[in-house]
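First, the structure itself, so that you have it in front of you.
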Amino acid sequence: MPDQICASLDVHSLSILAPDGTVDDALMPPLTETDIQRLYELMVLTRTFDQRAIALQREGRLGTYPPSLGQEAAQVGSAFVLQANDWIFPSFREMGVQLTLGYPINQILQYWAGDERGQQSPPQLNIFPVCVSVGSHLPHAVGTAMAARYRQDPVAVAAWFGDGATSKGDFHEAFNMAGVFKLPLVFICQNNQWAISVPVKGQTASSTLAQKALSYGFEGVRVDGNDVFAVYRATRDALNKARTGDGPTFIECLTYRVADHTTSDDAGRYRSADEVATWSARDPLLRLELHMEGRGIWSKEYAAETLQRATSDIDAAIEVLETTEAPDPDDMFAYCLSQPGQRQSAQRKAV
Amino acid sequence: MPDQICASLDVHSLSILAPDGTVDDALMPPLTETDIQRLYELMVLTRTFDQRAIALQREGRLGTYPPSLGQEAAQVGSAFVLQANDWIFPSFREMGVQLTLGYPINQILQYWAGDERGQQSPPQLNIFPVCVSVGSHLPHAVGTAMAARYRQDPVAVAAWFGDGATSKGDFHEAFNMAGVFKLPLVFICQNNQWAISVPVKGQTASSTLAQKALSYGFEGVRVDGNDVFAVYRATRDALNKARTGDGPTFIECLTYRVADHTTSDDAGRYRSADEVATWSARDPLLRLELHMEGRGIWSKEYAAETLQRATSDIDAAIEVLETTEAPDPDDMFAYCLSQPGQRQSAQRKAV
Amino acid sequence: MAMLTMVQSINQALSQEMARDNRVLLLGEDVGRDGGVFRVSEGLQEQFGAERVIDTPLSESGIVGAAIGMAAYGLRPVAEIQFMGFIYAALDQLYTHAARLRTRSRGRFTCPMVVRTPYGGGIKAPELHEESSEALLCHLPGIKVVVPSGPYNAKGLLLAAIRDPDPVIFLEPTRLYRMLREEVPEDDYTVPLGSARIVKEGTDVTVVAWGSMLERVFKTETAHSLEIIDPQTLTPFDWETLLISVKKTGRLIIVHEAPKTVGFGAEIAATVAEEAILYLRAPIMRVTAPDVVLPLPKLIDHYLPTTEQIRTAIDDIMRY
Amino acid sequence: MAMLTMVQSINQALSQEMARDNRVLLLGEDVGRDGGVFRVSEGLQEQFGAERVIDTPLSESGIVGAAIGMAAYGLRPVAEIQFMGFIYAALDQLYTHAARLRTRSRGRFTCPMVVRTPYGGGIKAPELHEESSEALLCHLPGIKVVVPSGPYNAKGLLLAAIRDPDPVIFLEPTRLYRMLREEVPEDDYTVPLGSARIVKEGTDVTVVAWGSMLERVFKTETAHSLEIIDPQTLTPFDWETLLISVKKTGRLIIVHEAPKTVGFGAEIAATVAEEAILYLRAPIMRVTAPDVVLPLPKLIDHYLPTTEQIRTAIDDIMRY
């Protein structure tokens, strides 16, 4: 003091894969060609799943569904780094995260068909139920990270959420606690620039979302969310930090919600076709294809095969979905409490 | 991009009045000697009030009371700039703010004696009731600022709160909305470094509180909260900004809670006498006295007179307090809703 | 007179009241440009501007908190919570502040605001989109709770709510939004808060139901003579109308879609058991959802009260 | 056996359970270094370390949300909300998540956590320090609500709550914290959740009261023979014990310090009016706070139910 600068804070941004498919070699993470193909295949699976889900919804076989079109790199690239024993807290639009981690496709569909059994994470995965109440899952990620550390388990925790979620009180309380307790936690924002009809400028006046981490004493980084390598690299670094006790990181993936908010929404009411077209041209999948083609690990046949495999995996899942018996109404009682009370026992008989 | 800095953010700190009483002339605001004496007198009034309130509490004439000792500059200096038609949202420890704005002393006491009538702001002031639920008043300040702007009234809004309040979800939602709507609003944090037994380091990992404003796209500044001129200047600038449509400002006043959290607390359980002694030595009142003495506008006689006036104002208020008839139990019904419903009308008769 | 849906009649009420009273403004998520996810505020931002039909950040507590500040300042804000399942984050603002501001400031500040929210089940929507937690809003004094049951009373109750000097929660039964059409006068009219409506007179059983359950009671075929009461306002409740009816019929069934335990039906039953027990010829029956977590769409029909259950209750109560 | 206050018996329960089960940890504002503002967790941070007795930031929603995450991970967190008046900001986490995690994940994740909070009036404290909003926690299924009434059952109920596989809200009547002393065994014992206790057998009137109102019922002098029931757990409620008693006495009075409308007393009255009305000889009476905002200390004695009001209700009900 008197009038001086008491804190100088920078926010970094990262991009590796250019729209033309070339990469910044200095920043390119050491992914094998198999890894890259796997990333690609998962992104194709995510997109194919999305198309099929929308079609099923139109046919009345699923309920309201939130498309992930355009966010495949931001979802697959971030989930790709996680390990089976890590704990995962998705919001509701992260089908790409679930698919990357091997969550059963039929269960994802089952959930969107309105059946809780779709949320019963397989025992080998620790994926929390999809969180519809925006941002309210972030404190759970904090508690889980506190618990893992208390137990000295080599576990990291990752949570996904949208730009809209950054406006919620729970975002703040969770980020703040993550900073105070220096938790093994990665916060991954899918800044798809819209929260239903509210653009990110109507959500916050801060120029990046990444800088919000500075409020909590940890690092925030903005990555090109349509660049799967940048997303991968940032998440890898953040997870390494988490695993070595260096605390949380906030990754803002700048991407775009190319489709409507959900199958009940009509985005044409509130945003321009131009904007959508601009962002569609920045397609994350296309960019990766160009890169792979340049490296000689992509061909039309390979693409067709990949699509074919995705389609048949999804077909198989739909088959399972549609042959699964309807849920038992008794499950409402079986899973409410560990044991129904006197009143519920009576009600249970009546159902 | 690729890896580059996408935001560079600075936080400024401000101090004007040094512990030895000298000031930084370049930064010293143009206060008249009468202004300075008025500031001093209000700080003396605040401190005297505090001592008397604690004594009254010990005698059982007030309930639990939260002392403001050490925070006089941060409270009086910030409130001094406000105008009668401005809207004021105090937390619970801002007796100095209330006194500066001319809130009746007997009503302040009445509130701490457990009587709602103490919260009935006089018609010429727009001071919201003291908010015990930490941080939850900040959204009201936002709404009021939105309303004032909607009405095109030349009104600014100021809200006070502690370091602990910065951890609450409502702090975040309010700050974020203030940024988005660029409101005529000044947020004034009394960073007295403790929230009951939790030091500010246990509250947040961010190195200053001021930098939290960067998350919301507006300016945050840290001022020496024991320096009444710095507090005054920062608030003045922020209010000018607010009044000219340039949006909100966050002012962090770095000060210290010299006394126990409340009369029910024993701070000796959780902090060192050394720390308290260090901060007691930075007494805001002493510093101002030194300055005024240097300028020839302070003397022992003047000080004694000032204290005498404060004491007699408070005596008069205590007299009013103690001769005020007990509240009417019917008031519980009279003020619950505009008109009691059928049930309340029946209950009302029974009381 | 125009036949309107509830979405239309609420939209009309908002539009007319905003034209009449410039203190009225709307705020919430997607209420402006998008016209609300159910289109309840469609066209209003075009008509009244973005300063008066305000798209807010995704902040339920902030929305309600800001509305409190606006109301205290002298405006008449109408806040929207996009679905009732998201009101929980705003309960602190409702309980701690909206409900208490008048009391705490001894009348110096008041809170004439309305919080509208789509309410209730049966629309096969994702989780938290079908909640009916009205009881939570009825327990803490200082808030009024209104539940319209059709396009006509929706308009009149909403106008009354906006003009009311106290905070009002306005629960809009989503299932009815477009299901019913009624004649709705273009004119200004209010349906007073705190007055129940005897929807159908009868002699055998008093049936109390609100929101979308009223429709279900009407759909229930029975040979018995039902006196059907639509409370319209849950707090303050019109006990007089209810007690007169129960004293006449001697039998009471309450139907609500919320879980049974400490639902608002409990209050109705308790009050009757306290004030009119000597007139009763039968136990007081409640037809409600069971005390379990609200399920996803595949099971929702096993959760919400059915006409079958209502009929069974009527048959049972008539055995006494 | 030691004569302990409730503060001491709760402290002992926490200490013993932490020693027995390393999954148990405490979190909350000022619970560590300071030992809690009522000293309930005094000495525990010294004993178990700051990683297990965790001073958190001032974030009620974050505290409960973090506890949910810990519980899902396999720990047994005991979170403290410093006063019940500050739990409102955590209701979203309780309703949306704690109560539903088991259902939503079909048992894959569960939420064995306890949220303790000082509860109830009569301590002449500032606003929001005397709330008794138990009814709000009893309506939404998936949470258990426990209210001890003395040092002995406080210890046993808390041990049962920590060991319970479901989320439990544990409401500690602040007025009783240091008022009563009881013999409290040093040993490990539990008082099972979901079982009421007949505190005193009697034949004329069944009186149900919990928390600090139980003490007030005991203080009420009357010549009539009261059967006094302490539910101990509000959800799940022990209906069986209550109904047997009411069928015996034919008269029921419920006493609670929360406002009347949709208080938990309403549920008790409604259930009896549904399941045992034919046994009743008199209206069911509720002695409660009025339906107004909880006042500051100067008026609190006019708000909380008094022994006088309880006695009047007894006299009234005995006229039938």
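Chains: A, B, C and D, in written order; residue numbering restarts at 1 for each.
What we mean here is this: a contact is a pair of C-beta atoms (placed from the backbone, for glycine too) under 8 Å apart; a residue touches a chain by one contact, two chains touch by 3 or more.
Predicted model, so just to flag it, every value in this text is computed and none were measured.
Looking at B-D and B-C side by side, the one with more C-beta contacts is B-C. In this assembly, the chain whose C-alpha centre lies farthest from chain D is A. Per-chain Cα centroids separate chain C from chain D by 30 Å.
Chain A and chain C, compared by their mean Cα positions, are separated by 36 Å. Chain B and chain C have CA centres that are 40 Å apart. Among the residues of chain B, those in touch with two or more other chains are 116, 133, 136, 167-170, 173, 176, 180, 202-204, 331-332, 335-336, 341, 343-344. Counting partner chains per residue, chain D has residues 56-57, 59, 61-62, 85, 89, 92, 96, 103-104, 127-128, 141-142, 235, 237, 261, 291-293, 295 touching two or more of them. The touch graph of the protein chains shown is complete.
Against chain C, in their complex, chain B makes its touches with residues 87, 116-117, 119-121, 123, 128-129, 133, 136-148, 150-151, 169-170, 173-174, 176-177, 180, 331-332, 334-338, 340-344.
Of all the residues in chain C, the ones that touch chain B in their complex are 25, 51-52, 54, 56-57, 59, 61-62, 64-75, 77, 89, 92-93, 96-97, 101-110, 141-142, 144, 164-166, 194, 235-240. The touching residues of chain C, when paired with chain A in their complex, are 29-30, 32-35, 37, 55-62, 85-86, 89, 124-129, 260-261, 290-293, 295-300, 302-303. If you check the complex, the residues on chain A that touch chain B are 1-16, 24, 26-27, 167-173, 176, 179-180, 182, 202-208, 210-212, 214-218, 222, 224.
Against chain C, the residues of chain D that register as touching in their complex are 61, 85, 88-89, 91-92, 95-96, 99-100, 103-104, 127-128, 133, 135-136, 138-142, 235, 237, 258-259, 261-275, 277-278, 280, 282-286, 291-293, 295.
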